[in-house]
Amino acid sequence: MQRFLMSHLLLGLLTLLLISPAFAQQRITWWEHSNPPHNNYSKDLVAEWNKKNPKTPVQYDFFAMTPYFQKLTAALSTRSAADMFTLIDFLLPGFTAKKVLAPIRPEWLGYKDLEDMKKAYIPGALDGYIHEGKLYAIPPIASGFSLFINRKHFKEAGLDPDKDYPRTWEDVGRIGKKLVKMRGSRMVREGFDFAMHSSTWTMWYFNTTIRQYGGEVLDASGKKCTANSEAGVKAMNVRARIAHHYKASDPTVSFGTNALPADDIPKGRVSMFITHAGSVAQFGPKMMKDLKVVPFPQVDPKNPVTPIYGFALAVNPHISEAKQKIVHSVLKHVVNDSKTWYERTSYPHPDKNFLNLPGMEEARTKRYLGVFVKDISNGRFLQRSDKILELNQAIHRAMERVVLKKEDSKKSLDTACKEIDAALAKK
Amino acid sequence: MDREIGVGRTSPSMVRRSASLLWRWGAGGGKSSLHSHLRWAGFFFVLPALIHLVIFKFYPMLQAFRLSFFRYDLMSPPVFTGLENYKLLWENPLFHQSFWVSVKYMFGVSIPEWFFALGLALLLNRRMPGRAVIRLAYFFPIAMSQIVVAMVWKFMYHPFGLVNTILETFGIGRINWLSMEESALPALIAIGIWRGIPLFGVIYLAGLQAIPKEYHEAAVIDGAGVFQRFFYVTIPLLLPTIMFVMVLSLLSAVKVFLNPLVMTEGGPNGTTRVLPYFIYETGFAFFRMGEAAAASMVLFVFLFGLTLIQLRLLRRGGVE
Amino acid sequence: MSRKTMLRLGGALISVLTVGGVIVMLLPYFWMVSSSIKTGIEVFDLPIKWIPDEIQWVNYPNALTKGAFGVYFYNSFVVAFAVMAGNLVFCTLAGYGLAKFRFPHRELCFRLILSTLMLPLEIVLVPTFLVVRELGLVNTYGGLIAPLAVDAFGVFLMRQSIRDIPDSLIEAARMDGCSEFGIFWRIILPNCKPALGALALLAFRDNWDQFLWPFIVATTDDLKTFPLGLAQMEGIDSAAYHEIMALAVLGMIPAAFIFLFFQRAFVRGITLTGLKE
Amino acid sequence: MGEVLLEDLTKDFGEVVAVKEVNLMIHDGEFVVLLGPSGCGKTTTLRMIAGLEEITSGRILLDERVLNDVHPRDRDIAMVFQNYALYPHMSVYKNMAFGLKMRKVAKDEIDRKVKSAAGILGIETLLGRYPGKLSGGQRQRVALGRAIVRDPRVFLFDEPLSNLDAKLRVQTRVELLKLHQHLAATSIYVTHDQVEAMTMGDRIVVMHEGVIQQVGPPMEVYQNPANQFVAGFIGSPSMNFLPATVRFEAGRTFLEGAGFRIPLPAERASGLQGREGGEVVFGIRPEDMRLGSEGEIEGAVEIIEPVGSDIFLDLNVGGASLTARVESSVRMSQGEHVRLHADPARVHAFDPETGETLV
């Protein structure tokens, strides 16, 4: 019996040993989603900070993209989140409603107030992060979408890439049709396609198109779905027409390309595709020689609306005010150098003077930064709603039904609105 | 000041209380004879595992059960709402869809597994040249980790991926597996089967090898043919294994999560949104933990019922 | 057709099916290895070239520098081994207690343990995380390991296999003067080695593989496991597939090695009928 | 010393009473056999003595010390199991040494004892082998050896020969007896084989349905069974039982039935007093009859079984079956009618209700 008890005691001790917590450290923690160029630059920024501020070192960690926000949620809910973390713009309403973000203090960043701070940024660039008059995150990125076209394919089809590129969605369909390449009954090259790998991308396009038609996904109160309005049906028809009327795309392809929406362009499997400034770096200069970037297609090019999004840095409200202040200094350090930021990550920085910085001339012309920044300045963030992910998915499903199963746009959007209204009604 | 939010705390006193409860429970008759000592011993052997499960399984499970009656967005304090979550689920067509997707996936994966795995085991139980190598080849997917499986198969199902290349060489057109409502779930099911066969094949093989040779020899002498031997000797003697495989394959199939997460995000049009994914999404993306908890209670009850039925069959099959 | 030709035809058919099956089972591996030695652009080239013109061994070292993969591998090892050890110890103890002793509510105990098999992790994630936080285990090895250290399936497996050990062995040892724990250690453990092997293999594989739990618990790079490292190779909309595949190949080696090592024990270990004398 | 006393020993498994108020004194150095059909409670009794089974009520004493709450390892008792219970993962040497090792006996002492026991049993050459590689007989010896090295006060044997083939069984039986004489330790031996019981036991304890039926030296139990159960259980082929009626005629007592009418000597008839015309069971062992033209029993030969030394005849006596042993020289043919003479000193009669021995 004695030995029996002894062995249990030993096991217990072993367990205790295993579960003894790691040495707690007084340092600032920063979490970010994985995105290799981004992560590498962040690491360097942190190293630089730590060298200058050995007393308040930053511990930087990044996590796989797919469940990153779920991790963040679980951590915030259990008060074990980092002191500062990167957040995507459209999750902000959900997080502020739950009071898990600390307001950003412009005065700690060297601005007089929020209005003063806004002046330093591209117009509207902070809008996505403001809730009830307070700023909740600082964006080091302002990213939008523009149209990439393949010069070679254009020339093959007898088109001039510098003149004949599409301005409107109808152009996209019309020109896309000419660029399609068939083998038998199978499309081996699409004229144009939307990325369809995730509901968020779907919403970016749909939300933008419905706005181009003068509509919105939700009404002003944010409590009712208006996606099945006339504008919504027209917006949905844009997608349906490109696939079914012009037969410029094979939507199932970009579905299957999930997590890799921009892969088909360099492979030459699609002639026109919408993606963001970071892709220029991903494709590389050799590939970019064959490509050209033009503005995001519109319904009416005179009243342009484009989608924008951004990742921004937020502060954990559960930490002391003194620590929040230090975090603000870190934030300032991180967003300080917009030129290097762009060079390292290929994402435009929302600094007002960004394009006029010395040395940006080349990027503006050779890397189409001018096109991107122009699109960004016309940009609007996604519909603000704390139920945004459900909205995205309802619209995504509606779009799947329309594009893949040729369901009537109105009918499909009615279903989506029913789902959205049900979600919005929930507390 | 840290205000306590969330689901509650495990206080040390609670642990102590439950431990003392277990203590008295295990003591049984309380006689100090050898045999109550033995009873103690038996209980003591189970105790570490039990304590672990109480802390890391039952307690969270109870919390989940409790949460299913609350509205809880993970960040604000939970609000008691009675059966509201269950009502919401009942009214939510997406939940119904998910439930049936899960049922389809579960049986879609496990039923072929039962047969293919048995076939594989029978095959590998034969004497043939290079058997060791062939066995290894078949069992190898056991060693591949889930996340790698998901990534590799995602590329294999790519419109220009390996699967379509093979189909095209056979003159069958390209199928965009993960983007068609008709094919996305079957595509995931195929992966489930591919990964499940080896494990269950091994279990069957072990069962086959445990059948004493004499039974087969007796059957041969009795004039039984290959098929008769299979149905009158192999199957009845393998019954415990078969039942075990049935239960285990269903339970493991229904828990699939990583593949839909990595490969389809539940799409297209929700056709691969299995229940665990629904639960995860509702809880962590839509911030409705209470509803997610209610959904998991439904799943739990469903699985429990299913297992009970199987265990009943198992007992009828003459297995203790 | 004579019986002999039928038999021969049947044999040939089985051989063809066998080889076909082997190819189907292994194809993903070939593809994985092949992709790992291509350039990023070549991965999706059509028609598939199994062996690229220029083999890119450099993908391997390149991929390994994309994260602290040495640390991730090490962590995966630590976690997988610790969980494996925990399972071997606790599940076997519990399996023995349930198989060979009578104590009040034993069956209830067993059923309760089995019922935990019916819980998907996703739902108990937050409550479990709360427990782990209460214990001060967030971002520790303990937090990665402790919640997984006992698995009901392991208890079940060990109970089944220990039940087949004759009672008389235990009684003989008891008369020989062995303590109860001594019986477990000296008699039971050596006689359920195959089942232990099977349990070890499964536990190692499953925990080498853990994704969601470590993802939630590990908050610093030095505690990330291999699957987390692999998953974070994917950016928002880009991924270096050739390098991911190279890592996938490397990540398979430990599990494959353990598999080769335990394969035989594995087949013998999952017997649900009698212990052969 | 090794004197075992069982006092009102009772064991129930819930509803079922396996052993009922067993009282038994086993003397030091005695070889006692517990005999009975399977399920009679003999193994349960043995296991209670070993300490493997909980005692419901009653006491077990060894040399006046109450064993009830003593752990098996502290009882100074060794047991040979039916399936030998050799540890499959230990060599023969380790199997034999295990009990001593557990008792922290010094290494060289263990070595000496194991070697000596192996010498007694003639298994020195097997010490390095594993149980899986041994024949049945060898395993049996190792199991014995494991008990011997312990040098216990009491040996328990649980049907130790039942897994051996017939020839080996006979041989081992003899060796076990020799061993018992050599060691002179108290032995309690459980078997359902009455030949083993007869040949080995100093005393036999016949059990049935948890109750001791009779205790006594083998020949006494054989010749004077306490009841019909014991009479029928001991002896092979077993005693013949035929229904009969008691008749008193001219001061003589007869057992009368279809095909027989047997006179009983007056000194043996006292048990039948007051049963005139009553039903009893007439019992006679096959060897207690001989052929004779004026025999009291008449029957037709149905089966002839020559076993070498003798011939067993299966007769039809008034519709009932009766076995008789005759000399091997006798020539018979099937269907033949014969007469048998019963040895009056060996005739038994039992109460048909209680089974109690009347004559």
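Letters are used for the chains, namely A, B, C and D, taken in the order the chains are written, and counting of residues starts over at 1 for each.
By our rule, a contact is a pair of C-beta atoms (placed from the backbone, for glycine too) under 8 Å apart; a residue touches a chain by one contact, two chains touch by 3 or more.
Everything quoted here is computed from the prediction, not taken from an experiment.
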{"item": "Contact-graph distance - origin chain A, target chain D", "value": "2"}
{"item": "Farthest chain (mean CA position) relative to chain D", "value": "A"}
{"item": "Contact-richer chain pair (by C-beta pairs counted) among B-C and A-C", "value": "B-C"}
{"item": "Centre-of-Cα separation between chain D and chain C, whole angstrom", "value": "55"}
{"item": "Euclidean distance of C-alpha centroids - chain B vs chain C, Å", "value": "14"}
{"item": "Rounded Å distance between chain A and chain C, as computed from the means of their C-alpha atoms", "value": "36"}
{"item": "Contacts with 2+ other chains: residues of chain C", "value": "44, 89, 125-126, 130, 146, 180, 182, 212, 231"}
{"item": "Multi-partner residues of chain A (each touching 2 or more other chains)", "value": "1, 4, 11, 66-67, 70, 74, 77-79, 259, 267"}
{"item": "Per-residue overlap in chain B, given as positions that touch at least 2 other chains", "value": "6, 37, 41, 44, 47-48, 74, 158, 160, 280, 284"}
{"item": "Contact footprint of chain B on chain A as seen in their complex", "value": "1, 4, 8, 11, 66-67, 69-70, 73-74, 76-79, 94, 98-100, 185-186, 196, 198-199, 250-259, 267, 269, 318, 386-387, 389-390, 396-397, 400-401, 404-405, 419, 422-423, 426-427"}
{"item": "Interface residues, chain A side, partner chain C - complex", "value": "1, 3-4, 7, 11, 15, 18-22, 29, 31, 33-38, 59, 61-67, 70-71, 74-75, 77-80, 82, 195, 259-263, 266-267, 275-276, 278-279, 282"}
{"item": "Of chain C, residues touching chain A in the complex", "value": "41, 44, 66, 82, 89, 125-126, 129-130, 133, 135-143, 145-146, 179-182, 185, 212, 215-216, 219-221, 228, 231-240"}
{"item": "Interfacial residue positions of chain C with respect to chain D in the complex", "value": "166, 168-169, 171-178, 182, 186-187, 190-191, 277"}
{"item": "Residues on chain D engaged by chain C in the complex (per definition of touch)", "value": "50-52, 71-75, 77-79, 81-85, 87-89, 98-99, 102-103, 132, 146, 150"}
